């Protein structure tokens, strides 16, 4: 039965909140920095769902710092729905009671404090998501009422230029604004005319010039000086045993030294194997500085980025055939689209991890840190909705032994999901374990399920210094566990391997050692790296790459 | 509270031995997570004598297994190996031992 | 008087002949600018009737131009000023026979070298290096150099001002004299080793313990003096002893190398002697190939 | 052996171990290590503290030839406890300098007309933060011995410092390097007395932020030291480049080499005092201000421009003062 109901309560609420902020808004949509707390107190209500923009790269840190200074009598118990909580202020918010509940994707350096806050009852955790999963929920059941975002430039009409670091902004703003929410932007600079309209002014309610530029973390910068010989060996195995073997052209690389090593030997070892043009042509990838030599030697046709990387702006602008540039000539990143691309259009995900259990589940969670996985799981899984073929995808699918159990003779592809891991980490911490620390974490932080980055059923290859285990070629769990043991080195898991069993798996091509792949271990050293230092990356870039101060050693 | 360097010694025999004929070989640097080794020709009735000096305890068995594999893979015999270690992982140990051997090839 | 920490000027008066100090003057050198290297005191005095150069730190006077130079710290200007005093001593006695080369007395109470941005931009390493080179030079051309630690002789500060002397004397630990690179508490913090256990270890192995008696054991200090009243007398005696050795051509028994030998006498730094011997022997066997 | 030596030449100096540097700097096949790993003279003090030891105590000492010239080489290993100087390490360094001087005395005694091309030399490849804390007192005393031996070399044997390894050259070894006749650096080398963390502690983070590596290199790095005149030759980061510069320097007459040092005489320190006056007058906020004083109009461009371009465009303080 049709009920009598008001259908514009959101709109009314929006107007009511905005009227409180009105006195502080001048000259169109401009709010002075010193009035920030006043406008936040005016538009935010108890229990509101609030988004503070930020991920593993850019942060609306000025607005976050202002929110925590708000009157806790007026504003408390907020429900934070946001990509990441990597700054101390994000957790302080829960300590002082401004915020109570959290749904997020990435905790980074604050992982330890998240776990602590959950334990002492200061933080009620909804769930740990992937970026894309969280964005999806913004449009279903976690729509923010107020979003605090950041941009490089803004004008009096509210138009924003987010440029190189557009990242999450479009997803947040669209979800918030089109449900009659309030969008407040901190901008590095108020300008008469923005360089490019990345967010239309109509979608933004207030613009505040922050005293300092927004915080930007160069998370994807890896100093080649710290790449080890073992990482070079593993990179050689990856290129010869996986990239070359499958002809992987479209892919994503995770963060870390393992993939940085791969990027840096493409122009040397990759070239030598004659793989140029046959692999690594299209990426969903942040502008990794370690990609510069491969790009400069003509390996790469296209890169779409989740975010920008500090210092890479000029370089990307000067390589318009590779990166996605706007009509104004500057790059635009977009996390939602790039994650979608990573999920649907890439044939492979390859990245490092901290732990793999004896079944093949892998996680970077430790017993005391709720860190989240950001975007890795979106790419580190088989895209079940994928319907377009590619050689690599089809070949992997054809090798997927147990597929016929479900599909009969129906052909289907499979994404390559590769985890790279040395059997022991620093200080003899084993990479292969009986049980993931994630189980302990789930207990410690009252999580509904252990946080797993990549589940065993998605994982196709494990690559260690001992060899590559082709997991998807295994017939059953028993065989997969034997394959893991066979590459787990001298860890407890590895010591349980029987040499006859491992030998049999090698004969079947389920395990391939460097020798099986025809890789000379003696060549596995840093001299294969196309750039051995950040300085050499700058030289490769013709001075276009401007590395952050902490990476400079000249 | 006392803290001393830990010493591990044992002897191994390769399955397919080939005598180590160089008088002396040295390789590696005792950086953090790294090690050095001296390999010397010794008449040990085909055996390999190993001595490891390390700040780390609790991995005697892992050391033995890593060295066993090295000795079996390379067939090294009639040699003494002296290792100064500073938290090297088995991966690094295997790598350095092989590099030491190839230095004299 | 319980100790002499921070009292470099008072210590000068205690050591030299009464009213003989001409501050700022050494040979042709005459420094009139009071602010120049203000934390370092240099000048000429008489010691037991003989001319001598005095070099000390003034913990009470900060250098107004360099904010990190206070409390007896040796800064950029101070290092060069001290070096000037030494070079002018050499110059003044250039033509004099060995027996008449003036002595140089270093009164040591310094917490270290200037640690600042200007210091690093312009090279504090050169300033402290220049002073040490000058002292070594003076020592080798025959000036007897005696250092007396009356307060703090900390790490690089001691190297700069003290350890290039022919003989190093120190007031004993009861006068709160400090000789170390780092206090054992800091070593304990950095090495994460139990402090009591470290102190226990230090009893038998003075290589990381703080204090003048440990440096004595290592041969880093020739003599410990256990009374302030005795300082003058002992400095005079050591100047004479050093001079006698120089006249006899026994320079190898003096200075840093001489203190190396002293360590053997006192049963420490054994590995030092061993490795030097090994190098010498090993080279002797191949010298022909390189030197012919 | 010789082919191996060839391979070494191309290697990055920054990345090379102490032994590789020592081998590669002298003529092929001429290096004889003295008190090397074979003798197993490691630190007697580290084991008591549960710290790992190295057979050579973190320094390679030996003798080789460059042309006809006997060169006495010391090469520090920064990977082993930061190249820090303990009892054995320090004694090896002091004695290799002493041996060079003794060799000179002997050669001169047997041949008063000793030709320049045969005059011994000392080469020190620094990679150290100074005193080793675990045996601090012995390390400190060793520094004094090295300086003493340096002075003995004056007028006899040239001492060349090479700085281009990871740890740089800090602490007491900073003044040891300053006391050398010639300093050859790469842009990756760093030379100073006080480490950045201590300066930050002394001056506050606003004045000096130790985590700002660009600032640290602007203050102590090879490019800066070259502008200041503290570094005589700035070379590319390869063993061959360092060796090339070394050969060129050693090809000069001893008197010329001795003139290249920054300190060691009254005249030289009078010049240094002029620079100290410049410091007081200009009160630079940053090393770049001094680069400007040296006559570089656009100091910002100097850090990132390629080395060759830097060397041809840069104005040095020594050009002006």
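Labels for the chains are A, B, C and D, by order of writing; each one numbers its residues from 1.
Note that contacts are C-beta pairs under 8 Å (C-beta built on N, C-alpha and C of every residue); 3 or more make two chains touch, one makes a residue touch a chain.
From a predicted model like this one, the values you see are computed outputs, not experimental measurements.
Visitor: Based on Cα centres, what is the most central chain?
Guide: D
Visitor: With centres defined as the mean of C-alpha atoms, identify the chain lying farthest from chain A.
Guide: Relative to chain A, the chain with the farthest C-alpha centre is C.
Visitor: When the C-alpha atoms of chain A and chain D are each averaged to a single point, how far apart are the two points in Å?
Guide: About 44 Å, centre to centre.
Visitor: From the mean C-alpha coordinate of chain A to that of chain B, what's the distance rounded to whole Å?
Guide: 41
Visitor: Between chain A and chain C, tell me the centre distance in angstrom, where each centre is the average of that chain's C-alpha atoms.
Guide: Spacing between the chain centres: roughly 58 Å.
Visitor: If you average the Cα atoms of chain B and of chain D to get two centres, how far apart are those centres in Å?
Guide: The computed centroid separation for chain B versus chain D comes out at 34 Å.
Visitor: Could you pull out the residues of chain C that touch at least 2 other chains?
Guide: 193
Visitor: Going by the contact rule already set, what residues in chain B reach two or more other chains?
Guide: 3, 87
Visitor: In the complex of these two chains, what residues of chain A are touching chain D?
Guide: The touching residues are 526-527, 532-533, 535, 538-539, 543, 546, 549-554.
Visitor: In the complex formed with chain A, which residues of chain B make contact?
Guide: Counting only chain B, the residues touching chain A are 33, 56, 59, 62, 65-66, 87, 89-92, 95, 98-99, 102.
Visitor: Show which residues of chain A lie in contact with chain B when the two form their complex.
Guide: Within the complex, chain A touches chain B at residues 229-230, 233, 422-428, 465, 489-490, 495, 521-522.
Visitor: So in the complex, which bits of chain D are touching chain A?
Guide: Listed in rising order, the residues are 11-12, 14-15, 187-188, 211-215, 217, 221-223, 303-306.
Visitor: List the residues on chain D that touch chain B in their complex, please.
Guide: Contacts found on chain D: 17-18, 36-38, 40, 42, 46-55, 77, 79-80.
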